[in-house]
Amino acid sequence: MIRFNCDYSEGAHPRIMELLAQTNMEQTAGYGEDPYCIRAAELIRRKCACKELGIQFTVGGTQVNSIVIAAALRPHQGAVCADTGHINIHESGAVEATGHKVLALPGRNGKITADQIQTACDEHFKDAAHEHMVQPGMVYLSLSTEMGTIYSRRELTEISEVCRRNDVLLYVDGARLGYGLCAEGCDLDLPVLAKLCDAFTIGGTKVGALFGEALVLRNDALKKDFRYILKQRGGMLAKGRLLGIQFLALLEEDLYFDIAARADRQAMQIRRACAEKGWNFLSDSPTNQQFPILPDMALNLLKKNYEVSDCGRIDKNHSAVRFCTSWATRDEDVKRLVRNIQTL
Amino acid sequence: MIRFNCDYSEGAHPRIMELLAQTNMEQTAGYGEDPYCIRAAELIRRKCACKELGIQFTVGGTQVNSIVIAAALRPHQGAVCADTGHINIHESGAVEATGHKVLALPGRNGKITADQIQTACDEHFKDAAHEHMVQPGMVYLSLSTEMGTIYSRRELTEISEVCRRNDVLLYVDGARLGYGLCAEGCDLDLPVLAKLCDAFTIGGTKVGALFGEALVLRNDALKKDFRYILKQRGGMLAKGRLLGIQFLALLEEDLYFDIAARADRQAMQIRRACAEKGWNFLSDSPTNQQFPILPDMALNLLKKNYEVSDCGRIDKNHSAVRFCTSWATRDEDVKRLVRNIQTL
Amino acid sequence: MIRFNCDYSEGAHPRIMELLAQTNMEQTAGYGEDPYCIRAAELIRRKCACKELGIQFTVGGTQVNSIVIAAALRPHQGAVCADTGHINIHESGAVEATGHKVLALPGRNGKITADQIQTACDEHFKDAAHEHMVQPGMVYLSLSTEMGTIYSRRELTEISEVCRRNDVLLYVDGARLGYGLCAEGCDLDLPVLAKLCDAFTIGGTKVGALFGEALVLRNDALKKDFRYILKQRGGMLAKGRLLGIQFLALLEEDLYFDIAARADRQAMQIRRACAEKGWNFLSDSPTNQQFPILPDMALNLLKKNYEVSDCGRIDKNHSAVRFCTSWATRDEDVKRLVRNIQTL
Amino acid sequence: MIRFNCDYSEGAHPRIMELLAQTNMEQTAGYGEDPYCIRAAELIRRKCACKELGIQFTVGGTQVNSIVIAAALRPHQGAVCADTGHINIHESGAVEATGHKVLALPGRNGKITADQIQTACDEHFKDAAHEHMVQPGMVYLSLSTEMGTIYSRRELTEISEVCRRNDVLLYVDGARLGYGLCAEGCDLDLPVLAKLCDAFTIGGTKVGALFGEALVLRNDALKKDFRYILKQRGGMLAKGRLLGIQFLALLEEDLYFDIAARADRQAMQIRRACAEKGWNFLSDSPTNQQFPILPDMALNLLKKNYEVSDCGRIDKNHSAVRFCTSWATRDEDVKRLVRNIQTL
């Protein structure tokens, strides 16, 4: 069985494993105050072209999402997101556990628009009873989204403007940021993100690291005392350098983007093979997640050799699935899969 | 201006005011441990035909809803309700503030069905990733609903069975219980509710009291230590007897049901007047809340003399509003309104 | 049995009952947006000599304390208070239920000092691991305290200065504010409180009202959106005017202070009677709560006719109790008690 | 500079690094459902001599403590611990952030006794106002404690009995369990812990792992649905196998105990050197943490070559510090330190 079901089936990119082995017996300060975290933070600031950014490293995605939201919102505020958003569906109520409602809007291709956000704000404040309702306090986007799609620079700029006009924070969950930024046609980059967002993450877990998300904070109110909240919510690693070391390995020579671009290309090969069979897709994804809708017979044959993620029945004879590539996907496995699809 | 916009525009029924005045200078124990609360609790048990019920008195509806949910659910569980449910829309995120997600299902006429609940449970547990999602732990209904509708005995029985089969608690928010139980065609009563629900409230605030909701607890796990949580969440009144006295006044001679039935009849007069004008309704309500859809011109004329609640624009020329009657609505005001509608 | 065990054994002062009866059938807007609340808020601003104060009315003390703390603190901050503080002991963990630690300091006579607060801040920020500890974010005092004592103007001024210097909010729980401000020797008044505190309450429940605490907010950040949080935490009464009406009745002609002063004088008669017997006291209280330490034999005799609150065993033969007077205490009952003490 | 300031200055034991490297490119299921976690769990059950134990792996100590407490307690319950307990002091209010109060008892040598716990329960339930106070719901111990001390089998047995008698859960934080169990004179072992506790952890972070705590659950109510809560609170690692692999490496050939025993022996050499200088200690620790009280002049000399943790000023000329050894401490560094102490 070859796993195409997710992008976290293996360990870490070999360069990370090397650097971890090499530094293993060094003695450093704990809790992210070591030289590696300091260097990695400096490197991220440079790549984001902004010296004032606050950089924190955390272990996981659910964790960093709920910590940012807990740190950002007052008790009566909620986080606006697409109904397919990770925080709305797949985090076991982590946001609600911090006391905040997720305000889900109907997404298209996993995305929401500046207009939808403006309308949500207008509807809230125009309602005479708005004090009896949850106030939009933050917009949560993911890049790439749970549907593999990406926001364009224009879309993100408009959303950012709407957020600032309405005094709402903008946070981008970049668990798959590499795959998003390296997708064909993506016109976003780190400096643009750092300008448009109050906070965003550079996801490591799914893009080459053993684990780890780098959190980039632009908003000054969010930066203040953030490490207390990180500690309180279990996001501060005793041997914090493990995170600094991994992000150094990923970012120093742009390994992060090289491996993400490669995975995106592999995914597009799978996409093309599916499209050539005449299969439709749940979304127009240019990234490492592809969501074809297959005849059940074809799916059953593929499942003999490949693990995929089920995404629900579409009609009597068709189902949707997710194929994921990652930094670790082997070209030969992609070729074999493509051949298998072609000869179904 | 005559207020038909809600059912809490006045103080309390005169009989309550009398009893409060009459007992005012008595000295009693605090926090609901006085003779009046004890008698009122006993009376409720008798009217519910069940000696084992736990009875608590709290001040308000948002309060009692969030306290019951906080007391009932484990951290990973959520409360299933109709998308129009009060806890989903109009409590400023009170449930989320206790750490729990509201799991909204699309309602019809403000109601959800046993089938929908079963499907929600099935979809949850059949999902391989269900541990990453919020588990349905409770069903929240309201009676009458936010749309003025009521559940039939059969509907509630089916919901109760689905809940028990799936190990999910059933809680009925009875902020308008009187208006619901007294509606024409309602085949529910207190003993049935006490059998089918794990917990429900008998709402006082909107049915004759200054304030106050009586909470009826059938579920033993919920009863245990409930008063700690009541105190913790601000639901325990120092002069608790104020609640006991009010519920005694309301229930001893069935004043509660008499005044609710009268308000329902008044509402049906308004409904008929609207129907005779050919107006449609947002819901098929037999209770004290009516939601006609009016031509804007008619609405503007009515608004010169009556306060109503806006319920949104329906099309270019029509809007929906809510007319509420209550225990305090005067027959002459209803007559005048009906005449005004007829002569529009 | 005559109750001296607490100050909430009766209903409300007759003038309140009259005003409630008189306004009972008026129709007003709900949720504190009625003319009575608006007038009462205006009156409180005038009495506090500050037009910019935010005024909110809530039902109970535990409720208002936890709402203010939830609204004021960020997730990593705690509320500093005396170890005897109400929030530390007698609110079933209400503050912790909002996510915040109570940082208890050893009190003397139920009070803490500016020096203690400064030291707590210093120790926090000087600790290299302070990010791993709860940051002092607010100081909670009560006036009068749980031990019946009061802060002097100098003490409160120093505390206020320490708080502002350390960027820590100052909140005074005035559940017994009337008894505090009217005590012999008290040199505080409403305008001084309004200047020194970020927030404080004027307690109604224990000083003549059926229930109700008026919350005075000076801090602009706290004022913003406060009503959302009030609603969310169950502190917003549907028939909010009940609170406005009561505070109007209490404050319009200084009834609040008249009845509190009288109760303080009654308490001092009891104190003197105890002192003349040679009994010591748990605290030097000039207010309506007195904590004598009695021989058990004397206590047992008194308990035949009077309810008092037990405050623990002091030694083999002595126990401490609390005697409370209130706005409702009858002079003849005080006289009888004093006589009984004298003739023990 | 040689670091004796804590036990998490280095990476992981080489055997762990090897096993991680060796398995790096394998594809496995995520979230702890891989073969390594399954085998590691099985191994722990065997070492605890109990097949029914629930085993979960989490990343960090603050995290696992707050997750266990959130999963175990109802809203009105708190966790009893020594005032020096990690959850009381050094977790930035993590427990309170889950809504629960830490009920601190005065510790001796970092420990509390069965008698203290019984008294706390008695005082709670005998107080007429106990519903207004936080109910003891769990006892939190650490082994070894923050002061390096250990509980004897008799002490832990008595505590366990008191807990069961009072319907209070017993949880042992084993962040330094290896150092505790391997200390000279310790008569506890894994099977005993698994019998006496409702839950305990086997700490990896400080005993050879990169990170990771194995959580052992005996209590059935706690086991149920625990993984939801783990996910919700950020404790579920996507590449969960990293935890399974590390605990396999640590436990398969008792590496965990070998390296802990060695660190304890090193610490005792340091202790003896201090004792021979006539220095006192903050606690009677037989484990890897030693807390000597030094003349400031001696401390200043030592600080030129060694990092230690400051533990506060004792008197005008003396301060307390902490020396930590760990699995990574080199014998030559201990020898050098001992020599340096001797020749001060």
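Just so it is clear, A, B, C and D label the chains in written order, and each chain counts residues from 1 on its own.
By our rule, a residue touches a chain if its C-beta (ideal position, glycine included) is under 8 Å from a C-beta of that chain, and two chains touch if they have at least 3 such contacts.
This one's a predicted model, so the numbers in the text were calculated from it and none came from an experiment.
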Legend entry - Chains contacting each of chain B and chain D, listed by label: A, C
Legend entry - Shared interface numbering between chain C and chain B [over half = same, under half = different]: same
Legend entry - Most remote chain, CA-based centroid, reference being chain A: C
Legend entry - Length of the line joining the C-alpha centres of chain B and chain C, rounded to whole Å: 34
Legend entry - Chain centre separation (chain C, chain D; CA means) in Å: 42
Inset, instruction - For chain A and chain C, let me know how many angstrom lie between their CA-based centres, rounded off. - result: 49
Inset, instruction - For chain C, write out the residues touching at least two other chains, lowest number first. - result: 75-76, 91-93, 97-99, 131-132, 228-229, 231-233
Inset, instruction - Would you tell me which residues of chain C are touching chain D in their complex? - result: 75-76, 78, 89-93, 96-102, 128-129, 131-134, 310
Legend entry - chain C contact footprint on chain B (complex, rising order): 2-3, 6, 8-12, 14, 17, 20-21, 23-30, 59-63, 66-67, 91-94, 97, 205-206, 210-211, 228-229, 231-239, 242, 328
Inset, instruction - Enumerate the contact residues on chain B facing chain D in the complex. - result: 31, 70-71, 74-76, 98-99, 131-132, 135, 225, 227-229, 231-233
